[in-house]
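Right, one structure below, let's go through it.
Letters A, B and C name the chains as they come in the text, with residue numbers starting at 1 for each one.
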Amino acid sequence: MAAPVVVARGLRREYAGVPVLVAVDLEVAAGDCVVLLGSNGAGKTTLLRVLATLLRPSGGALQLFGHDAARRPAAVRAQLGWVGHETGCYPDLTGRENLRFHARLHAVDDARIAECLAWSGLDGAADRPLRTYSRGMAQRLALARALLPRPGLLLLDEPFTGLDADASARLVGLLATVRAEGTAIVMSTHDPARVDELSPRTATLARGRLREGRA
Amino acid sequence: MLDALLGWGSGAGMLVALWMIFMVAPTEAQMGNVQRIFYVHVPCAWAAFLGFFAVAGASAVFLWNGSRRADRLAQAWAEVGVLFCTLVLITGPIWARPIWGVWWTWDPRLTMTVILWAIYAGYLLLRAFGGPDEAVARWAAVLGIVGVLDVPVIHYAVRLLQGIHPAVITTREGGSGLVDPDMRHTLYVASIAMLLFAFWLVRLRVRLAEVEDGVVAARHALEASEGAAA
Amino acid sequence: MIGSALAILAKDLRIETRTREGLTSIVVLGVLLVLVFSVAHDPTPSEAPRLAPAVIWVTFTFTGLLAIQRSFVVEREQDCLAALLVGPLDPAALYVGKLLGNVILLAAMQAMVLPLTALLLHVELAGALPGLIVVLLLGNLGFAALATLFGAVAVRVRAREVLLPVLLLPLLVPVLVGGVKATAAVLAGEGLAGATQAIGMLGAFDVIFTTAGVLLFEQVVRD
């Protein structure tokens, strides 16, 4: 039995002296899908960024893929995929150029780029600048970017913002395939109904602590 | 305990230094009584320079192990350092005006002091206006280290500059130009007094920061216990 | 590491050539600054060559500050920096990539502003050009080494247009002094040999602060 993808114990993080995460515990196994709920400002983005090793927790322990994230961040980062509020891609470059850039950083070959473009349905738009994409297409590019290195853990921060029903459904379909391949998913959203299809675990962040289920 | 020692020590030191400056040190032959400012000007400069290196040292420790103590020390030394640097830049012209007839010259040491002051000011502005991000402390630490690395190069540059613009007058080399033993002793005592004063101010500032941090920590503990109870 | 740095350089150059807005605005600014200096002083052909080195370096400093800020704004736009940091990228490689990009951008700007400066200030460029290029390259590297490091800081701060010059200008004094002295020597016909101390100082500055940048960049870019 492989080590759980995420083991977080007592995570603590402050912003401007105010504690945002007080004592967060979370365990995620391969192929799990966890949806984080909570009101605005509850700390969902902060928690996701801590899991992505973008923020260092001021207290507590975080293990990713069996490694201590604080002590061996490089080993861990190669296996993470991050889709934040924004696409993480350059608006003036084409979809293909964006993917090629990230592929070079992750030592991923061209075949994988073509594969990701096809899989996310962006083949036709691959040679247009990201600036010209619709919100739905941009989100799919962000997802393709994050999935290039075949990460073991995919983190998404409110991925359905600004997407209509069709685009949402499309995104959920893609996430289902990702999950089926064994990637663990942790995402935050304001609209849990959209991801019912994934039958995820839900957890609510309130006053700096994480509780299973919807509060 | 240490603070009391520093406080009384610097107070006593200042009194002794003052007495020596006016009673022991002889009147300088060419410059007259105005020259006595020298015994304040030079020790302030030493304190300012020491502060610079102290900021860099504390910054390095902070980057190495994230010690909040080191960060507080860096901030305290920056504030105290800029204070002494300002005093150097005030006492300098006060001394210069009667002697040389000008408020300012671009002599290497004065130029260096201005640049140092500007780097200090940048450090404090960054900490003050860098925003709420706790990473500000780390950015300031990087600035502290880069500043100290730059000191020798700036020193060289400033001397190179003097090659183009000849100095208005030639200044004495530090305190070693003093021949009269009474003058030298006065300088040493004044320096010790000023450094004690600097250390005392730093201790006060660090204590203030510790209290502030303590208040914040107490608030956290309160909120955490509220959250757990709920 | 080198591969990643070059990938970042290539990406930045591609974006810059695609939009060309960065280079255009700093070239225009550079030209305007030179014009303002010329009008303010209105030098005669005999005294102009003494003024030229200072004008050149002050102009390049201010336009350089603007240019380098932009290089990090690109990474802020769509939170691209986060995407870069969640990956195996070594922050030192990001620094080197950005540094090289900034040096190239500065050189491109200078290539366009320098001829105009020579024209307005009655300076003979012909014989001095090779020496001038060396001086500018050394100066650019030192300038960019520090500006890239603190540019990453400034972009996250609200008063960034003011803070970056405030932080950098005192630190860059050696670059200004060395640059002006070496430029003066080269324009006076003495060649690089006429300013060995200045060149040596610029070289030392470059080595010290490129190394410092490589070692410290991670502290500045990661939270």
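Basically, a residue touches a chain if its C-beta (ideal position, glycine included) is under 8 Å from a C-beta of that chain, and two chains touch if they have at least 3 such contacts.
Bear in mind that the values here come from a model prediction, so they are computed numbers and not experimental data.
If the chains shown are joined wherever they touch, the resulting network links each chain directly to all the rest. Pairs A-B and A-C differ in how many C-beta pairs touch across them, and the larger number is found at A-C. Each chain gets one centre point, the mean of its Cα atoms, and the points for chain B and chain C are 31 Å apart. In whole angstrom, the spacing between the mean C-alpha positions of chain A and chain B is 48.
Between the CA-based centres of chain A and chain C the separation comes to 37 Å, rounded to the whole angstrom. Residue numbers of chain B whose C-beta contacts span two or more other chains: 133. Shown for chain C are the residues in touch with two or more other chains, namely 223. Within chain A, contacts with two or more other chains are made by no residue at all. Of all the residues in chain B, the ones that touch chain C in their complex are 63, 115-116, 118-119, 121-122, 125-126, 129-131, 133, 135, 138-139, 141-143, 145-147, 149-150, 153-154, 156-158, 160-161, 163-164.
The part of chain A that touches chain B in the complex is made up of residues 14-17, 19, 22-23, 207-209.
Chain C makes touch with chain A in their complex at residues 3-4, 7, 10-11, 14-15, 18-19, 74, 77-80, 82-89, 222-223. Chain contact summary for the complex, chain A toward chain C: residues 49, 52-56, 74, 77-78, 80-82, 84-93, 97, 101-102, 104-107, 129, 145-146, 149. Of all residues in chain B, those touching chain A in their complex are 132-134, 216, 220, 223-224, 227, 230.
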